[in-house]
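Letters A, B and C name the chains as they come in the text, with residue numbers starting at 1 for each one.
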Amino acid sequence: MNTQTLQPRHQVFSPARVSAIASNTLLELIRQKVFYFLLIFALVLIGASFFMGFLRPELQFQVMKDVSLGAMSVFTWLLAVLATAMLLPKDIEERTLYTILAKPVPRFEYLLGKLLGVLLLLAISTVVMSGMFAATLYLKEQITIAGAIQESKLTDPAQIAEVVRNIKASTFSWSLVPGVIAIYLKAAIFAALTLLISTFASSWIFTIVVSVAVYLIGHLVPVAREYAESGGGAWFARDLCGLIARLFPDLQLFNLVDDIVAGNAIATGIFLQTVGLGCLYVAVYTWLAYLMFAKKEL
Amino acid sequence: MPDPAISIRNLTKVYPIPFKRERVTAVHDLTLSVEPGQVYGLLGPNGSGKSTTMKVLLGLVPASSGSTQIFGRDSALVASHEEVGYLPENPYFYKYLTGEETLRFYGKLCGLSGSALRDRARDLLKLVGLENAADRRLGGYSKGMLQRIGLAQALVQEPRLLVLDEPTAGVDPAGSREIRDLILEFKSRGMTILLCSHLLGQVQEICDRVGILHNGRLVREGALESLIAIENQTQLIFENASPDLLARFEAEAAACGARLVEKTKPHTTLERFFLEVTK
Amino acid sequence: MKRIVIVLVALLVFGAAKFPLEKSIHDAHRAAYFHGATLNLTLREQIGQGAFLAALSGFRGVIADILSLQANEAWENTQWSRVLFLYNQITTLQPRLTLSWEMGAWYMAFDAAQAALDDPKQPRQALREKARREFIQQGRELLEQGIRNNPDRYVLYNRLGFVLMHKTNDHLGASQAYAKAAEFPDCMGYEKRFAAYELSLVPGKEAEAYALLLQLYRKEERAPAPKLLSRIKAMEEKLNIPPEQRVCKPPGRPQ
């Protein structure tokens, strides 16, 4: 055994330690075969793409985009909650956490590393699902174009170009990208929130139930905010709505795909504000998770 | 004068019971110290406060009052953990990591990287006898192998202090002996070791000093030999002594006012017997 | 317990700070036509609790698609009231999807209206005509509501002009719709002409229509469309334009 001192001076914050925990978390989740859900996503894509032949082409693409992006939204959210809910309880129960915190690892770095591992997993999943979606959309587009040209028996290049242009107008558009980023942001918020809940929850079931409740209530925040500011109705109802609007995140702000698929596009300035808000939520929930975890008796 | 490896002064830890006004005092006014290079056995029945004391020492749980230090540094500070390696009771680690990946993970947490980390991991695997299982996932390790990989991760940053909680619990006699031999080797290299174990025979073989906790208080503490020696008795073991010789010794002892307490054949240990039979 | 209280208080403080920020971002989104769906109790009663929850949770598009499939089935079964009922829900869920407004309006103003006119179960011609006019009106209302939700897009103005032109005598309405569509840079190109044609059919608007038609005539790079010439000629005769100033010279005079 080498008796020479190996370790460098203690760093108060070490990106290398955070990165070690993050990559370990990602590896854990990958080796637990979480990516098998992508198979289900593939099935959804195939179903949405190739079993709607009785509809007119614009509607087929509409259905395909709605179903695929809806599936992407629910899968990333579900992955965020389920992957994060078990992280802390498992480490505590198996005493692995003791061996990590017995090393010169501050609790904040441990939490941050765990969260970053999940965020990386979500990013990879989102990119892969987006790639699968784009590929399927392209394939469907090409099949539809070939079929439309054959059926119409057109020979004039200008007319063929018109047919192609009309079909392509219904398929991929770069304005979908901000919508997908918003889906990722919503999942990231839930990863941080689930981490916060898991720092004080007595069981992982409680963590998941609370996360689901926040998911449902969060989508009602705009309604609550509008009612609170309306000036009508009973004062206690208005105050309760005001409390809900303040306590819970407004998740509708991250539901952009529905309107983007319907043809809307979001301006860069507004989109960056939305991204900033999402990042703020992640930062605040992570900091609160640290507050809970810092003096937690293990 | 060098700082003690472990210095615990007036440590008290009280746990409140949720939704009740009662409180549980897990450790009451504990004071002990462990000098560098010693092997200290912390003993006590279940619920005596051993685990709580270790957790406070390792910063996993805050003390209600009192102080704990590791080589002169407050043990609640994260920086003090650079000097400590810890093996908890029945650890699981990450099942999906291989032996080498596990050591590299813990090495990175201690600031190691690159070829230094790689070499260190390999050296430790060889030390604990797991070089052939380096690429196997921990999910496929036996209990003894898990304890050995646990020892290896505790040593990854070459700590001056090793804290071991039941290092041989659930391990078969051969594995237990190997772990015990490793601990003795660490001891010979000057490492300070704090050991908690219910296997008193092993504690007796390894430790220099012991402290016995009961109901959160330190009831006895001191050098092992002086604690367990029966002061007013002397043990002599003869080989090939004739019955005549034994009778003469008995008579002489009686004449001098000494009382023969016991005359029996000494025993080997069950462990030695087992190892002889199974090797 | 103490820490949970601290966290709750911190959440409330953060909540108070983020409330105006969220409101401002929400308002910016609404100004960009996002989140325009009116998810209220009426819709909840119509589509059911499960679908309403799903719509709230970010699956408006999927629920609207499911309703579209049901509407397609209702169309095949010529259940026109159900088609209208479903398209009201679809457009409530997806107000920014112009295709839904278009399809709903087409089914009402064309398919349902024609079916009402040909209804063998209704022996009285007057009542068949009345039903036809009601369906056309419903189609028109759908498009007008669609325009209120999509004032930034040309396509529904174009479709409104088309419905009014072919199915009603509201030439002024058709002209105004086509004129509005023509203001958009991505319009089809013919809307300005159609606006002028329809205006020329409105009594009292002949002078205005004539000016528009002349503008179009002078901009034509190739041979003017026959309809353009015929409308110009009609206006010149209605307005008694002196022969030497006419574009379409009377017979016997050189062009």
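In this text, a residue touches a chain if its C-beta (ideal position, glycine included) is under 8 Å from a C-beta of that chain, and two chains touch if they have at least 3 such contacts.
In this text, all values refer to a predicted model and were calculated from it rather than measured experimentally.
In this assembly, B is the chain whose CA centroid lies farthest from the centroid of chain A. The chain closest to the protein's centre is A, with centres computed as averages of CA atoms. Taking each chain's centre as the mean of its C-alpha atoms, chain A lies 35 Å from chain C.
Note: centroid distance chain A to chain B, computed from Cα atoms, is 47 Å. Between the CA-based centres of chain B and chain C the separation comes to 82 Å, rounded to the whole angstrom.
Residues of chain A in contact with two or more other chains: 295.
Within the complex formed with chain A, the chain C residues making contact are 3-4, 6-7, 10-12, 14-16, 18-19, 21-23, 25-26, 28-29, 32-37, 39, 53, 56-62, 64-65, 68-69, 72, 94, 96-99, 153.
Within the complex, the chain A residues that touch chain B are 1-3, 5-8, 10-11, 14, 16-17, 19-21, 24, 27-28, 31-32, 94-96, 98-106, 295, 297-298. Residues of chain A that touch chain C in their complex: 54-55, 58-59, 62-63, 65-67, 69-70, 73-74, 196, 200, 215-216, 219-223, 225, 245-247, 250-253, 255-259, 261-264, 266-267, 270, 273-274, 277, 280, 284, 288, 291-292, 295.
The touching residues of chain B, when paired with chain A in their complex, are 15, 55, 58-62, 78-79, 81-82, 84-94, 96-97, 105-106, 108-113, 116, 119-120, 123-124, 127, 150, 153-155, 157-158, 163, 189.
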